[in-house]
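Order of writing sets the labels: A, B, C and D. Residues in every chain begin at 1.
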Amino acid sequence: MSRIGLRLHPRCLNERMPRRLRVTVWGENVHERKNPIVRQIYPNGMHSTIAEAIAEQRGFDVRTATLQEPQHGLTKSVLEETDVLVWWGHAAHGKVNDRVVERVLARVWEGMGFIALHSAHYSKPFKRLMGTTCSLTWREAGEKERLWICNPAHPIARGIDRSFEISNTEMYGEPFAIPAPDETVFISWFEGGEVFRSGCTWKRGNGKIFYFRPGHEVYPIYHHPTVRQVLRNAVRWAAADGAKWIDTCPQIPAEKAPEPLTAKGPRLHRGGEKGFR
Amino acid sequence: MSRIGLRLHPRCLNERMPRRLRVTVWGENVHERKNPIVRQIYPNGMHSTIAEAIAEQRGFDVRTATLQEPQHGLTKSVLEETDVLVWWGHAAHGKVNDRVVERVLARVWEGMGFIALHSAHYSKPFKRLMGTTCSLTWREAGEKERLWICNPAHPIARGIDRSFEISNTEMYGEPFAIPAPDETVFISWFEGGEVFRSGCTWKRGNGKIFYFRPGHEVYPIYHHPTVRQVLRNAVRWAAADGAKWIDTCPQIPAEKAPEPLTAKGPRLHRGGEKGFR
Amino acid sequence: MSRIGLRLHPRCLNERMPRRLRVTVWGENVHERKNPIVRQIYPNGMHSTIAEAIAEQRGFDVRTATLQEPQHGLTKSVLEETDVLVWWGHAAHGKVNDRVVERVLARVWEGMGFIALHSAHYSKPFKRLMGTTCSLTWREAGEKERLWICNPAHPIARGIDRSFEISNTEMYGEPFAIPAPDETVFISWFEGGEVFRSGCTWKRGNGKIFYFRPGHEVYPIYHHPTVRQVLRNAVRWAAADGAKWIDTCPQIPAEKAPEPLTAKGPRLHRGGEKGFR
Amino acid sequence: MSRIGLRLHPRCLNERMPRRLRVTVWGENVHERKNPIVRQIYPNGMHSTIAEAIAEQRGFDVRTATLQEPQHGLTKSVLEETDVLVWWGHAAHGKVNDRVVERVLARVWEGMGFIALHSAHYSKPFKRLMGTTCSLTWREAGEKERLWICNPAHPIARGIDRSFEISNTEMYGEPFAIPAPDETVFISWFEGGEVFRSGCTWKRGNGKIFYFRPGHEVYPIYHHPTVRQVLRNAVRWAAADGAKWIDTCPQIPAEKAPEPLTAKGPRLHRGGEKGFR
């Protein structure tokens, strides 16, 4: 397909044309089916609303997957073809199959971005990536939340001016048992008096991780324009910059050592043998 | 017990007298029982040699525990009474009971220090705390290693001048698939040409974590005076500074909110209800 | 001096008896002399009030120093004998002599702890240690502040339960232009709707740094019991754990290299020559 | 300009067409003029060789600037039009005008990337951004260096397989007095036995910073293909992702507070007044 008369950026011409950014939005899809309030706000499930928000960005191919699907919709090939995985879970964390979790983690470590939303702080993948309890305090009182940007020029905060409000939310409060984030993008103020690090980034292996707090199931938070903007910004931010990090633990025998080397002393392993894991 | 004539430091008088620092050294004790070379170097097991090294520091109470013991010797009460847990494992990572692992993690998050030695990079507790694969490259050729100090005044490097050598080691090389350490204390140079971040620190919850590379089973590395010095330094460093972080995820109802708050909007949970986990 | 019947901790007996922790509290002492409100709250200057708070901890030797003194009271020997320097400045940052600043920085890098209070976010030493602008937003409206603890067991938060309030403060709001802290100890909630990372730690060289927000000159904040507790906790936390890091940039000539080495190729410097700086 | 038959990526069409990435390579240009060996290797100065290496990447507009130019070639408008500044300096750090340094720092904090090469560890801008001494050990003996990649998929390491060697270098050794890097991309092994963190990243304000060690003036290191590849990768990595962070420290008066707020208590500043700086 051509475009006559368009000034093409040299980078678009010279680099391998980047494929479209492929996003999978995973939702446990439990509240939506059980709770009429939730169903009214999110008729096709929160995951669909989130996916639609992300798909407003052209250049993104967005699909969804839910707990109820075989392998929770996260087959090896779906994950292979996912650049960024977005996760919403709450009541059914324990029902997520551990083999699927391992598959997700392996892809994150290779380079798949991972975005954990709201109650996904207690999801299996997020807790495994953090290595902490990820506990917090909380309250369901429909109070106001105001998210402040800690770094005005951060790509995840693009298009937002200083702060934004969400009228009715479920409060999350410190202490938030996470490892010190690489970057704190948002901190929230709550009407009831609490604060919370509501937008945080980490790197695990080659995977970029973003936790974003807003999102309670009985409020229309994923219809909020700024929340939707953050989701799109975060997905772009989380996509891997480079190649895959293929995990290996190879033995480099003496004859292959970069420097001349004669083996000395006793050995447990034979040359070329795989190690223990 | 009194000491006449001794000038007592005011801090010793005024603070709650600190109990002795309690250390548990865990070893899988597999190679020692199967391999005559290992048995010759470590007749009572590597864990005993490590424990003796640490116990050279007065003020430390050191015990050992092994894989073969009931609950791997890491019962709830042993862990409750452990300030720092030192871990050596290699061939039997997979045999460590997952419930014991969860118990260890819970204590680390409360404040128990954790020191992972050598092949414990692939131990269940270390991988869970890191949230990465912890892979590396390796070679068994008895080559020389030189550890350099990256921060001369770091407490873990106390008593060591610039660098120290170990004549025969098993090489570990970058890339080491760990999250960016809070601090890099040692970096190693290998005769065969590789490098490795051989002393790294992290914090998870209230637990301080130190990974220390030297330690192959067929070499007398845990008899090396400087290695033993680092173990003592690291144990002191890893002990918690303050109280325990008891993990909770409490609901703070509207009437208990710090600011006056009227509940608004629909709710999923009843007031006072425990959340999902 | 002896204490009969006291059970002495072995560590107190066996280690080199630690000298008392020496603290210097530096205040610019400008508002105190010009503003009657400030003078009424802090008759001997904020620095004296802060020093008294810290001196409540036995084992601390606390002195003060002010802008008006020769070399601002921070002579080479005062700094040599200071384990932790606490800094309050506001209206006269620019009047701090640059040579004194360099002296302070050199000591921090050696291992002197540095605690920057409130408006010291714009002090010369703090900005130099951070390498950022350290800007923020602010408001003088006497509003309420609530500081939340992000890590309940952190030594700086010792003795404080979850959060504490200060009735009248000067608001500071995000974005706070600091590098990502190593640890975020406190985050503040303000009556007017803002949030702020009000307790943050960093390491620079061998020096531990803590920024603590509360402290406006026209409010009695340094008389607040919990603020005073934090000051004492922070001073203990900030004291160096180990030896000094003496800054050097030595040339290690080929004949002194750890490995056998023959010099090859052209050279700019003669052997043994000092490099450029 | 059009391209018939080319499949155009939607992102190239829909986003504001990115302007070409603008790079300024600053060299002190002292050795080149004084030392015939340097002049032979770098006839137009190291800065020109570095600039040519970077310009091999289409989409980059590269210029140079030197110490001798008015304002060292780093006028306000040059810096305004620079996305990434690359810096090589050695013998003349002290000659760099402090006002120019402040201008460079201000642009980094806004979002200009900064790449410090080799002896620029002691440059004024790098030391200011780090907040540490940036000291190290060194040796001029033309020894071999091997750089290892610590994160195989890192964009700065793109196109490089595991490690690469430089035959003749000037050794830099740990301890390297930098703050803990956000990411360690490369660690070096030296023939003489030392190690060094030779590729490190940090963030200061909105600016991304990369330190890259190779580069001694009497060796043809900037003609090395892999070194040149890293320079191109690093420049792309260092360019800001988003908007500028314009530094401000505004007073937000009570009537403009996000929450209803009545001013209470005494004040130092009048409403709307600028604060102290």
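The working rule: a contact is a pair of C-beta atoms (placed from the backbone, for glycine too) under 8 Å apart; a residue touches a chain by one contact, two chains touch by 3 or more.
Remember, it's a predicted structure, so these values are computed and weren't measured experimentally.
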item	value
Required steps from subunit C to subunit D (each step between touching chains, minimum)	1
Which of B-D and B-C has more C-beta pairs touching across its chains	B-C
Farthest-lying chain, centroid of Cα atoms versus that of subunit A	C
Same-residue or different-residue interface between subunit A and subunit D, half as cut-off	same
Distance from the mean Cα position of subunit D to that of subunit B, given in whole angstrom	36
Euclidean distance of C-alpha centroids - subunit B vs subunit C, Å	29
Interface hub residues of subunit B, defined as touching at least two other chains	146, 151-152, 173, 175, 180, 182-183, 193-194, 203, 245, 258
Touching residues on subunit C, where the partner in the complex is subunit A	146, 148-152, 173-176, 180-184, 187-190, 193-195, 197
Subunit B-touching residues of subunit A, taken from the complex the two chains share	31, 35, 37, 90-91, 93, 109, 119, 122, 128-133, 135-143, 168, 171, 173, 175, 177, 179-180, 182, 191-194, 202-205, 216-219, 245, 247-254, 257-259, 261-269, 275-277
Subunit C-touching residues of subunit B, taken from the complex the two chains share	1-14, 17-18, 20, 58-59, 110-111, 146, 151-155, 157-158, 163, 165, 182-183, 203, 206, 237, 240-246, 258
